[in-house]
Structures are given as structure tokens and as C-alpha cells.
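By written order: A, B and C. Residues from 1 in each chain.
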Amino acid sequence: MKDDFTESKISCKTEVETSSAHRSQLADIAEKIIKSCDDTECYIHIDYDPIPSNATAVEIINRLKEILFPGYFNREKLDPVNLKYSMGQSVSVLFDMLSLQISNSIRHDCLRYNLECSDCGERGQKAALELLAKIPFIRKTLGTDVSATFEGDPAAKSYDEIIFSYPGIFAVMVYRVANLLYKMDIPLFPRVLTEHAHSVTGIDIHPGANIGESFVIDHGTGVVIGETTKIGNNVRIYQGVTLGALSVPPGGGEKLKGKKRHPTIEDDVTIYSGATILGGDTVIGARSVIGGNVWITESIPPDTTVIIENPKLIYR
Amino acid sequence: MKDDFTESKISCKTEVETSSAHRSQLADIAEKIIKSCDDTECYIHIDYDPIPSNATAVEIINRLKEILFPGYFNREKLDPVNLKYSMGQSVSVLFDMLSLQISNSIRHDCLRYNLECSDCGERGQKAALELLAKIPFIRKTLGTDVSATFEGDPAAKSYDEIIFSYPGIFAVMVYRVANLLYKMDIPLFPRVLTEHAHSVTGIDIHPGANIGESFVIDHGTGVVIGETTKIGNNVRIYQGVTLGALSVPPGGGEKLKGKKRHPTIEDDVTIYSGATILGGDTVIGARSVIGGNVWITESIPPDTTVIIENPKLIYR
Amino acid sequence: MKDDFTESKISCKTEVETSSAHRSQLADIAEKIIKSCDDTECYIHIDYDPIPSNATAVEIINRLKEILFPGYFNREKLDPVNLKYSMGQSVSVLFDMLSLQISNSIRHDCLRYNLECSDCGERGQKAALELLAKIPFIRKTLGTDVSATFEGDPAAKSYDEIIFSYPGIFAVMVYRVANLLYKMDIPLFPRVLTEHAHSVTGIDIHPGANIGESFVIDHGTGVVIGETTKIGNNVRIYQGVTLGALSVPPGGGEKLKGKKRHPTIEDDVTIYSGATILGGDTVIGARSVIGGNVWITESIPPDTTVIIENPKLIYR
């Protein structure tokens, strides 16, 4: 599309002076905006420290990557000598960031809902230490996830390619950390972590879900794994799979809080793209294979392959 | 996977000098690249100011968040005293950013398509004021979205968690602002805003869509809401729902511009994950429930529950 | 939700001193974390330079945008005069960035897997030149993608809107570049590029896929196009479409590497949202239309429209 010149192009300007009329209009509007903060319909958060920003979550996740996959995501090359220092440094920085963010999250809810003081400063440090102490364990579990991903994916050229670039590994890494914080009853922060991973990968894993070893999510966009889902070992799921809750009765949200609402997936199950499995009593038996786009709300026995009966296709 | 040393590791270098041969080759290539800008098949944008970058959109959206959810996304804690100043400051910064970006968008199309001058500088400021004047109203509407989200989601621990971390609220907030700009006939910029939200959340709401109060999108990845969609109050949709157009006849894009091509969803409707509803004449009657993965191209009467007949599953 | 004050708000602090007990605990934990790097189950990457970070990929993609769509994404306005210099500058910066990242990727695998030295420094520059020499060609092909997008989309207001804001164009642009690098046998880096686009758009195109001119992806979230997919000219696909492989036999990943595992889509085919087409021998004949949510594992003759037989809906 060749570009033709037009004189007008030189003529006009966008950066015009703001007239005093506009300025005073703006002042009135600002007033109204401030006043309207008092409206009871509007959500405000005055006099509380803001909780972990997405930016903080990103920083913490980047540090976690450096510690969980040594040498993969460091800015500078690691050798056996500087590893010790670099890693030690990352760990102590991470400790400070984690303690503070965890404390802030606890404190936020404590003040916001007038709970009894739970000594959030101290609790934050304890929780951070507890999490860091589990790093070697998380690292091993992630190792099983990487191996399982490689074995099942003909397109994977190397383990490194998976660690460097596969969104499934990133989402599962963030989940495994968030899940530990969730189990320590840390409010807000675990969800902020998993929602960041959701934003980056399109994979939405609730921190409360319970997921075993050698877990693989391939491609992953659109995957949803609900809060009370239980997943065994060696489970493999593809893009667009929902492990969700049955429909919520109008206004029934409250009643269901805490109840098991999402399915149980036993060991060695494979679930193909777009399959939807719903309900807290739904159990997919070990070694079963769930075909693509299948919609399941009842339990499936072990060693079963379930596929949709090819819908009659109409050719014209 | 223990790491084994190899001598080779020390040997080679990647940062080699660029030979003069390569340098002159590069010069020729650059020449060709520049020349090829004249090819009529290629889209160029010379002599026009670039329009709002994604970076600008992000800045504007961040300011909007501070004003629409006071205290939630501010860097520093707000108290009843500094609220007034901080908010006033955000409003005037936002005014300047909005005016300029809106003017640039108008001016861009004016020059690009040789339209009559519509006094874009002035119009930008008027539009920015008009938008800001509606902030209290947008805030109330978003309040209804937050409440509705909380009531329907057993996994939601608090209203704050929803505002801090739910992608659905973010996407709907950006849409509600973009929609007002769209209704003022601002070109380009509204879509830049919603595409940023689409990128962050996987939720693709066209700024032209018409959406009522207490609107909930849960999880949301893969949701598509087309330009001429009409959605009533208290509507709830889940991930992967498409409210789209029927197939476009080859090259028929032009003819259909402006026509209603997307469905109408009446009040109190729930649409479960993966459902697809197509066509401008398709109306989903009030209080109806559309089950997951349903594919609908015709109207559904009010108070109807539509679910797919469980496809016969084949067990092996 | 009006906000009520509580004394407690002033009381507590989150930033508490770290007790020496905690400090020494932290030291022990750091020790264990470092030691555990020797575990054979854990993936480490010591003594190798880290490969292209996502940040580098973003920089390179931004430069590519400036060169492939002249004037659209430049920070400052281009005129026919400065075009020459600005473009020349971008090309040489891009050359340096590309050469280094390509060399690093080659070198990484060379050291990591003890391959024979393939003169990565030199190869990186050659590959970068080869890629840049193809820019005019890529630009023309992208031009056909933009035109086809406009013609088929009634919501598109202008070509510029598509280039500025459509995720499909962005994902296809990144793919077209990554594909050229993939064909030059560059490891790792092509996938890093496409995974960035996947993260931004929800569109997952493997760099190995083979895609013709005038290719359109509308909305796009959830689209997956596998490594050995072949797509002709004038093909149009919508969100949630999977062009994938049939199920991988347990541990069968290795055997299938390199084999054609993904479908072939001939010219002028349209595939609507949520359709899934699987298998290396599956061919969708020219000018066929595949309806939404269709699940296909066998070839479809040319000029065929395939739609799901409307599943019986149950009304209650």
C-alpha cells in the first residue's frame, strides 16, 4: 500500500494548550471522583497497605527460577565455584522478599477483617524459612515433571528446551510453590503468584489444588484446575482441559466454600485437549484415557478409555 | 542429571569480529530492505505519528486502576488525608495522557485517510473530560461486577482477593473504559486498550460490545465477545465461551460492517465453559442456563436450560 | 463497601528484625539448597552460558516489528528522509543481536551435548545475514496476511488497526521469522521466540510448522499448530483450533521425533473455533470448511463442508 502525501499532514497539531475552562472542569470532576469514594457501592482500600503487587510477584518468581533450575535463568554464567555464592545470595534475597510479602498478606487480612493479631511479622519469616527448606524437595518434584514432559513430547528437542521455554513447566513451578504457601494458610499471596502464571501461560491452576509427581501440561492455554482438585502421579493433560466444579446454585457460592467441588484424577491418567471433567465426587480411575472434548460429570473406572462417539458429520 | 565437565567447554568463543565481507553484505541487505519499503504489497506508515503504543496503554490502565479501585493498586498506602491529593494528582496526569492519546488516534485516521479536520486536539481533551466525568459511574458498575463475582465463586476468599488477582475483573474494567471511548467514536485507541487486556487475561472483549451490570467472567481464558454483542444484567460466563458471528461469506467482510452480527444475551443468563453462541439474530432469553460446550445458532426462550445430550461415550 | 476505622490498624508492624536464630537457620537451609544441586534427579545448568532470555527475545522482536512494519512501531515519527537512517540503524543493531543469540544457542547445544564444533560464531553471523536478506520477502508475505485479515473481518476498521492491535498478526509475524531460523537448524532460539508470542497472544505455533501466504488467525487464544503441520495459502482459522498429533503411545515420544505427526491443510480452507484436527496423514482438502468444535482424525475431500450434527439439546 504505497503511501501518498497530503499537505494537511503538516498542518494540524495535537498538543494544544488546555483552556482554563477545561482546567476548572477537570477540578470539579476530580472533586466528584474523590467524593464518590464514599459511595457504599464502591470498593475502597483506604488505610491499608497495598498487598504484593504483580511486580513483586514477578521478582520473587524470577529468584525462585534461579534457585529451582540452577544456571538456567541466571544473568551470568554459573561455575562450580561461584554457584555457592550466587545461590547463597539468591536465597537470602528471596528470604527477605518472601518474609515481607507473606507478612503483608497476613497483616492485610488481619487489619481488613479485624482478626486477632497472629504476629504476622514473625509468621512471615517462619513461613519463608519453611518454604525455602522445601526447595530441594520442590526441585526434585519439578525434575520429575521435566522428565515426563520430555518423554511424552516428540517435538521436545532437549530437556533444556523444555526448561527454557515450555509454559507448562513454568505454570507448574509457580503452582508448586504457591501450593506450599496455601497449605500454610497464607492469604492472597499464593493466588497472586498463580494468577501471574495464568496471565503468562493461560494455565489457571488454583494454589489449593493437590498435584502429584511427573505432572505434564502440554501447550496448556485454557487449562483450568480448580481449588479442590486431586491429581495423582504421572498425569498428563493438554490445552483447554477443565477440571472444574458443577454449576453453582444461584447465590450458593458461600455454602460451598471449603467443600470438595472439583474432581479426583488417579495415577497415570491422560486427558486430551478440551476435555471437561466436573464435580467433587467425580473420580477418573488410574490409567484411564479421556479423549478430547469429552464432557464428564460422573466417575470413570480404572483402565478405561473414554472417547466421544464421533458426532455424525454433515458433508455438503 | 549430574553435569559432566568437558574440555571443549573452555575452548570456543561466540563473540567473533564481524569480517568486512559480512559488513558490506549487511550494508547491501540494509539497502534492499529500505528500497523494498516501496513495494506496493508492503504496509508502511511513513510520515504519520505512531499511535498509542502498548506501553502507553499500560500506563493509562495502571492509572485507571488507581482511580477506579482507590487504595488497591497505589504504590504507597492511602489514608483519608493523602487520598485527596493522590487521587487529584492521578486524575490530572490521566487527563493529560488520555487527551494526547485520544487526539493522536483521531489525528492519525484524519491524516491517514484524508478526512476533514475534526479539531482533534480539542476533541481529545473533551473526550478525556467526558470519560473522567463518568469515573464514579464506572466505579459503581465495577462494584456490581465484583460483588457478583464473589457471590458466585466458592473459591473466592474475599472481595479484595478478587480485585487484586481476578483476571475477569481486570478485563471487564478495561472493557468498560474502552467501551465509553468507542461510543465517542474514538478510533484505534479503544481496541489497543482491550487487546492489552486480551493479552494479559486471554479474554477478548471488543470495545463495541454492550454489557450490563453485575457481569462475571470466571477464569476467562479463551472468552471471545464480539463487537455487536448485547449482554444484559447479572450475566455469568466461563472460560472458552464464544459470543460470535456466523461464518463470513468469502470477501463478505465489507458488507457486514456495522450490522448486528453477534448474539443478544438477556438478564440473569449463565453460560458454562466452552459454549459457543453465534449470530446477530440469536437471543438467549432471560434466566436461561446454557450448558458447557453447547453450540447454539438459534434463539433460546427465557427460563430454559439447554444442555448437550451426553454424547455416547465409548469405553474400551 | 464503606471502610470502618479500627485502632488495631496503627498498632502492628510487618518489618521485624530477623532473629539470629532465623539467620542461622537460613544459613543451614542455603547450604542444603546448594548441596542438593548434586542430586541426580535435579536439572542443573552449571558451566554453560545461559541462552537467550525472554528479555532478549522481546528486544529482537521489537526491532523486527520496526523493520517489518516501517513506521508503525517506531518510537519517533518516520519521514521519507530519516526512514533511511532509522531503518539502517535498526538493521545493524538487529544483526548484532541476532548473530550473538544464534551463536549462543548453537554453542549451548554444542557444549551441552559435546557435539563437534560447528564454528558457532561464524555460523551465527551467516544465519543472521541470511535471515535479514529475507526481510523483504517476509514483509510481503505478512502483507498478504494483513490483507486477508481485513477482508474477512467486519470488525476491522482499517489495515492500521490490524497491524497495531491484532494478536494474530503478531503471532504470525514471530512465527514467520522463527520458522526461517528453524529451517537453518538453529536450536532453542526459534522456540524461545514463538513461546514469547504464545505467552502474549495465547497462540501456540511451533516454529517447524509450514504455513503459506494470506494466513489468518482471528482472536486466536488457544490455537495450537504442531511442529509438522502443513498449511497452504488463504487458510483462515479461529480461536481454540488445534492442529495436533494423535495420542502418543506411552514413552513413544522418542520414536516419533521427526515423523509427520500433524495434519495437512490445503489452500482456501476455513476452520471455525474449537475445531480439532489430528494426525500426520490427515489432509483437509482445498476449499473445505470445517465447522466449530468438529473433531477430525481422518482426511476430508476438497470442497467439503463438515459440521457437527447439532447435538440434541435438552430443554428444561
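Just so it is clear, a residue touches a chain if its C-beta (ideal position, glycine included) is under 8 Å from a C-beta of that chain, and two chains touch if they have at least 3 such contacts.
Quick caveat: nothing in here was measured; it's all calculated off a predicted structure.
Q: Counting shared numbers against all numbers at the contact of chain B and chain C, is it over half, same, or under half, different?
A: different
Q: Write the angle of the rotation needed to overlay chain A on chain C, where the fit uses Cα atoms and the result is rounded to the nearest 5°.
A: The rotation relating chain A to chain C comes to 120 degrees.
Q: Quick one: report the Å distance separating chain B from chain C, using the average Cα coordinate of each chain.
A: 20
Q: In chain B, which residues are in touch with two or more of the other chains?
A: Residues 1, 42-49, 143, 159, 202, 221-222, 240, 274, 293, 308, 311 of chain B touch two or more partner chains.
Q: If you look only at chain C, which of its residues touch chain B in the complex?
A: Result: residues 1, 38, 40-49, 67, 69-80, 83-84, 87-88, 91-92, 95, 99-100, 103-104, 107, 110-111, 114, 117, 120-122, 124-125, 129, 132-133, 135-136, 139-140, 142-144, 146, 150-161, 163-167, 200-202, 219, 221-222, 239-240, 270, 272-274, 289, 292-293, 308, 310-316 of chain C touch chain B.
Q: For chain C, which residues count as touching chain A in their complex?
A: Listed in rising order, the residues are 1-3, 5-6, 8-9, 11-16, 18-19, 22, 25-26, 29-30, 32-34, 36-37, 39, 41-51, 53, 108-109, 112-113, 143, 159, 187-188, 191-192, 195, 198-199, 202, 204, 206, 208, 221-222, 224, 226-227, 240, 242, 244-245, 247-248, 251-259, 261, 274, 276, 278, 293-296, 304-309, 311.
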